[in-house]
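Going in written order, the chains are labelled A, B, C and D, and every chain counts its residues from 1.
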Amino acid sequence: MDMYQKIIEAADAVTPKLILQRRDFHKYAEPGWQEMRTSSIIARQLTELGYEVLVGEQVCLRSARMGVPAEAVLENAYQRALEQGADEEFVKVTRGGMTGVIGILRCGEGPTVALRFDIDALGVYESQDEDHFPAAEGFASVNSGVMHACGHDGHAVSGLGVAQVLMQIKEQLHGTVKLIFQPSEEGVRGAKSIVEKGHLDDVDFFLGAHTTAEDDEGSDVTPGSTGALATGKYDVVFTGRAAHAGGEPHLGRNALQAAAAAVMSLYGIPRHGAGASRINVGKLVAGSGRNVIADEAFMELEVRGVSTEINDYMCRHAMQILEHTAAMYECTVEVREMGGAEAMFCTPELMERVAKISAEKLGLKVSENLLEDMGGSEDVSYMTNRVQKNGGQATFIRVRSPQKAGAHNRKYDFDESYIPKSIKIFCATVYDLMK
Amino acid sequence: MDMYQKIIEAADAVTPKLILQRRDFHKYAEPGWQEMRTSSIIARQLTELGYEVLVGEQVCLRSARMGVPAEAVLENAYQRALEQGADEEFVKVTRGGMTGVIGILRCGEGPTVALRFDIDALGVYESQDEDHFPAAEGFASVNSGVMHACGHDGHAVSGLGVAQVLMQIKEQLHGTVKLIFQPSEEGVRGAKSIVEKGHLDDVDFFLGAHTTAEDDEGSDVTPGSTGALATGKYDVVFTGRAAHAGGEPHLGRNALQAAAAAVMSLYGIPRHGAGASRINVGKLVAGSGRNVIADEAFMELEVRGVSTEINDYMCRHAMQILEHTAAMYECTVEVREMGGAEAMFCTPELMERVAKISAEKLGLKVSENLLEDMGGSEDVSYMTNRVQKNGGQATFIRVRSPQKAGAHNRKYDFDESYIPKSIKIFCATVYDLMK
Amino acid sequence: MDMYQKIIEAADAVTPKLILQRRDFHKYAEPGWQEMRTSSIIARQLTELGYEVLVGEQVCLRSARMGVPAEAVLENAYQRALEQGADEEFVKVTRGGMTGVIGILRCGEGPTVALRFDIDALGVYESQDEDHFPAAEGFASVNSGVMHACGHDGHAVSGLGVAQVLMQIKEQLHGTVKLIFQPSEEGVRGAKSIVEKGHLDDVDFFLGAHTTAEDDEGSDVTPGSTGALATGKYDVVFTGRAAHAGGEPHLGRNALQAAAAAVMSLYGIPRHGAGASRINVGKLVAGSGRNVIADEAFMELEVRGVSTEINDYMCRHAMQILEHTAAMYECTVEVREMGGAEAMFCTPELMERVAKISAEKLGLKVSENLLEDMGGSEDVSYMTNRVQKNGGQATFIRVRSPQKAGAHNRKYDFDESYIPKSIKIFCATVYDLMK
Amino acid sequence: MDMYQKIIEAADAVTPKLILQRRDFHKYAEPGWQEMRTSSIIARQLTELGYEVLVGEQVCLRSARMGVPAEAVLENAYQRALEQGADEEFVKVTRGGMTGVIGILRCGEGPTVALRFDIDALGVYESQDEDHFPAAEGFASVNSGVMHACGHDGHAVSGLGVAQVLMQIKEQLHGTVKLIFQPSEEGVRGAKSIVEKGHLDDVDFFLGAHTTAEDDEGSDVTPGSTGALATGKYDVVFTGRAAHAGGEPHLGRNALQAAAAAVMSLYGIPRHGAGASRINVGKLVAGSGRNVIADEAFMELEVRGVSTEINDYMCRHAMQILEHTAAMYECTVEVREMGGAEAMFCTPELMERVAKISAEKLGLKVSENLLEDMGGSEDVSYMTNRVQKNGGQATFIRVRSPQKAGAHNRKYDFDESYIPKSIKIFCATVYDLMK
């Protein structure tokens, strides 16, 4: 039998159980660095399938994780994972936020191919309306304020399906497969720590994928992505000195005023002549009471650029502004990096290969335009850039299926046909690369 | 017997029970517009003493109350008052925040003399340390986050003591006495609504008093106050439109940016050539998330002026700035008045009268300087100004006693000797005015 | 003889006298709306050639001229034009800034083809160094502070050369030719007033050209231009009220502070998600003395956008900011439009036609890339857009020749080989369109 | 004869020639650091009277002079002084702006008494109307744009009159007299450099005087001054880097934007709780052209405070803001001190002494209020403070006479009766102190 046909059949065969697993992940949604139950289940399944499995400290470089929640939050998440049926053995290593799993399949000589699946949920209150499929079917999130509203539950089980199918065809593969189940994509906080750990350094081909809505042409797949802006996410704290605003205003060091001055200058960073840049102060919380000079101000900031250079330009100016507005008002300022992504450029050869396989071997309809504009940021860019820097090829595929509402919406719902479709594309491409 | 001597003895006699009552008020501290238990107990006692008693809608003009909490907060306060032993009859009329009590004693022809006692507590977490007297004695506040940290528990029982003593000497009085137990002085929110109800319109002499720390000379009383700044307190809400900061920043209407621009211009309102002015944005909360253009910003603002004119000047400029920064960023803005006070100038004749009586009749030591600088704002100013406007006399007395910590501090504690001392000064002055 | 060959020979024949005329224009350089001598000479020559000639009020719509200098400046320019040998008859109609000339050649039925030549100089002090060709040859500008530093002297004589050549081949042409000698391109102030006069409404084909530096490939011509940003130029005056900064700061209405607030918000206009935008406050002059609240502020502002829509977006926000910062500080504000250009998109068919003719008929080397990025603004865009809006075709050609220094530099000098080369391209294309 | 009577008669006797001299000074008005002709004439007269005379480098400490004009301006002033009849010998030492004169009269043992007379004119265009006395009488300023519009011409000749009278009574004096003719009081630029030179270090009594308008009571003299604000005057230059605003805005370092940010923060320096403060940016000139990122911004700044401490507070904050706004925009900033004055508090004993002598010995009417509010700044404060710091006494007298228009007005004109009146007060007080 034709191997591609075998892949198609295998993918369809594993799908029913994966759909159940997807609903389980959806119901017990876990946000970034708290995917403890999720990671433990993935690790258990990969182990049972016969994969070499990396967990805990082996996955992410601890010091390169960004935007890690407070200890108490992580501990609560750990206890909840235990209560909600985490795998008791594997969950232990995730304590303190060391989530994520890597499964490795070694098949002798040949190229190293890495696939990435992100697994975290978002801070969204899921709709409980009857017209919301997960609610109607009883698998809406039971973790209040946490929801898989971006399809990462689908991505995760797609990875598990890929693991099963590849194991079935391993005799036909030559080289090494790495299945990377990445934590904390939301807020672009996790990928960098996996890259810094070195897992992408020996990779020749890299594939990632994301659910995406249908297009007018009714296509199934877009083999590459464009428009991913490089970005930096920062939390900023200005600290000043309180004073009574009526009696001794001159003794205060006004952190709120410093923050306001910073906001005015941040939005005024000159546009870059070479391409798009962005800046946003999305949140500002300052001061303790009406008649007190504010002694603290907290700010959530992000910059973006169409290239990593432009993003760096924005970042450099933002840091200067924060430093000097603080000093101007005799405050101190602390900046914490909470997330980041680079600009991303998919490798044309690999995109075309995916297109060709999808069309010719899988009978899928490929978008006329090989690139879909993301219009946002994705930290998969750290992985694609590392692979390309070493001479490898990388792309980030968009797999299309009907959606009920846009990503990050409380009624977001992707069609589960995404699951077998993405498994087929991943496995067929891997086979093509390693046969 | 000399009437002044009689007043002294009567004041000392009622003090032990007042101290118990003060500790009761302290233990069940209630913040502004929530003094429901406190008001009900005061109304009950005044009634039993034989006073004509005004409560509920009769005290404050409902629409002139400023900074009233949300309905749910008021309802919680009401339930708590019931649980903590409020007078069941009188508490009913306070429901919804109609707190405050006025006791009237009519003694035929003669001048009308009004005394004011403020009764609300503050939003402060009281110290539970052993070296804090209320904690050691077991009467620290049981209402978490609410504390009598400004002595209004003392003021309230001082008013009850005055009520008792005056009733004992009423045969010697000619005219009318009004004992005004004012709610919501903190945040300068309550006095105006009593004035607007008309209670001060027929008053010939007005007296208020406040606890104050000892001075170097060891004096007992300062018969007047100066330096009370006129003030206006405002809550401001900017409303814009959210948009994704990466993809469509031009579709946003940035309420956070509008608020920051407003802050920069508010602090830059030109100083007034005729005297001191103040401005403060004590709190700013804006935005919902890092990558979203902020669609809302909330701001707590206050202005002050050494005269009502200068305060009005500051207010006018602040309102212009808020209106136009909002419009500049295509946002709307809503401003709510949350409190206010006027500048205050005590009547010299009345100050001297209080000084003379205190020294000659009560044997108290009077400060060399007849005026104490308040360096803040007091809404008793609405009352003094209304009385003076009609040709009456008014003063705001400072009664001195040792203090453990400054006002608004969580270890604030005034010496209870304040209670009889203030009763004597009030009653002796009333007698002198009405004999 | 082949008509293209005839055009080539005719162009070469007229060049020597045109070079002399170019040096004459260069020596007596005139800035925007002051091209009185220049216009008068052009009008004289076109008249002598037999063209129907439009001058004065017939060329630009008076009220649509932007950035017109003060009356006194225009009158000085007029007197200088007279002194420097203007044509005495034609110069009269230019008095007051009604410069520019249109020459019309009617050749029966056929399409209307318009060519545009800009004729104004810049506010630059020309180098007098020996290594600067115009200085060495004695034709550097004698009008101090005014210099043809952008090649418009070459453009102007190129137009005169086209006029001569077309007259020689008019028997072979069918339709109407309009030669538009446009004033005040610098600062993008003049084109709109010609368009508003209606001169482009009946045009089927439109061609403009600009000198440009050599490229690496050694090409002669780029048949189209891209990257012309739409732009708006504004002069802004804030008017407030002076007051003594020590004694009565509250009586001032601070125009300088208003302008500073405007600057902060102008640079902070949100980036547009759909493409590049620009904003600049290039000049700010405010206040009269250190101890006086400034009662006036003058600002030179410009906005740009990669599309007319984005430019309009920037303009709308800028106007809002100016209006509301003025109101915020109780100032008034007046905004004058000083210049403007639209985004420009050359018609592919016409670009390809120019390319084909240049290569095949004139033996010129055409750039591989048919479009040159301008990276600035050109008010020829008003003309191209008007023509295209009516269904016509338009392009803006770049004719390459060696340059000594970049445009707007005081040592700018284009090679005079530009003159015959551009005449050939214009005339051959006109012939091709009208034959 | 009574010595006071002798002083009165001597003062009256010298007045007619002083009036001529005053009109001469008025006609040839010289602004700060350019009082070359004026200084040379004063030095000549003091020398002829027999005074020990200090000129040039002996008067002001060169490096402590503030707000000195450019060399070319000073040289022009020097040439003009020569042309307008300066004393040829004494004018030489003033070249380069070393103006001012000190005359010393040593009379053996006794206190040192210093008197100060300021001699500079203002940058005002004098009225040429017939109703303006100096114009009608032919002594309006012939130096266009320079006018004695603050009475310093009167002060100067008053000093010359004092010199004559004291010389007549020197046998009755014991101690030392210093007559200080100070340059550059306008802009508060000169006094500090005389103090820094040490001339006030040994002074026991110090007197200055200023013309002032009549009051309602018709008094002749107010023996002291109050309300002089401490002040600092600064010129600020921000330097950035130019760039094309359309093509490469990111390469600019925007000095105009830095200056605007500074303005917003400067006006927002928190009010001082202890008393009045002031800030003003009276002038701002930035940028070179609309489409260029501004590479330079010039700012004229002043701060004031009701005490030297508050002025220092304002200055410290202003310097921080300038430094950090510059750094924020990657600009450099240079701040030059252009003037300064301290707060001033006249010595009560000396004020009362002047009052007593004026009333009892000179028959003058003394204001009921011993202090006149200046409502501005005066650098005589450096002198009074230095004397008081060493235990001496100092006052700044207001001598009243009718005025036609307020100071600094182009029709300002004081009544010349000021001259003998001020001479009498100075001389009688000196005699009283040294007899």
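In this text, contacts are C-beta pairs under 8 Å (C-beta built on N, C-alpha and C of every residue); 3 or more make two chains touch, one makes a residue touch a chain.
No experiment lies behind these values; they were computed from the predicted model shown.
Annotation of chain B and chain C: jointly contacted by A, D, touch as defined at the top. Of all chains, B has its CA centroid at the greatest distance from the CA centroid of chain C. Put simply, the C-alpha centre of chain C and that of chain D have 54 angstrom between them. If you average the Cα atoms of chain A and of chain D, the two centres end up 70 Å apart.
Separating the CA-averaged centres of chain A and chain B is a span of 54 Å.
Multi-chain contact residues of chain B, defined as those touching 2 or more other chains: 246-247, 249, 254, 257, 261, 264-265, 267-268, 270-271, 278, 293, 375. Across the complex, chain A meets chain C through its residues 264-265, 267-268, 270-271, 275-279.
On the chain B side of its complex with chain C, the touching residues are 246-252, 254, 257, 261, 264-265, 268, 270-274, 293, 313, 320-321, 324-325, 327-330.
Residue ranges on chain D touching chain C, taken from their complex, read 229, 231, 233, 244-247, 249, 254, 256-257, 259-261, 263-264, 267, 278-294, 297, 300-302, 304, 338, 375-377.
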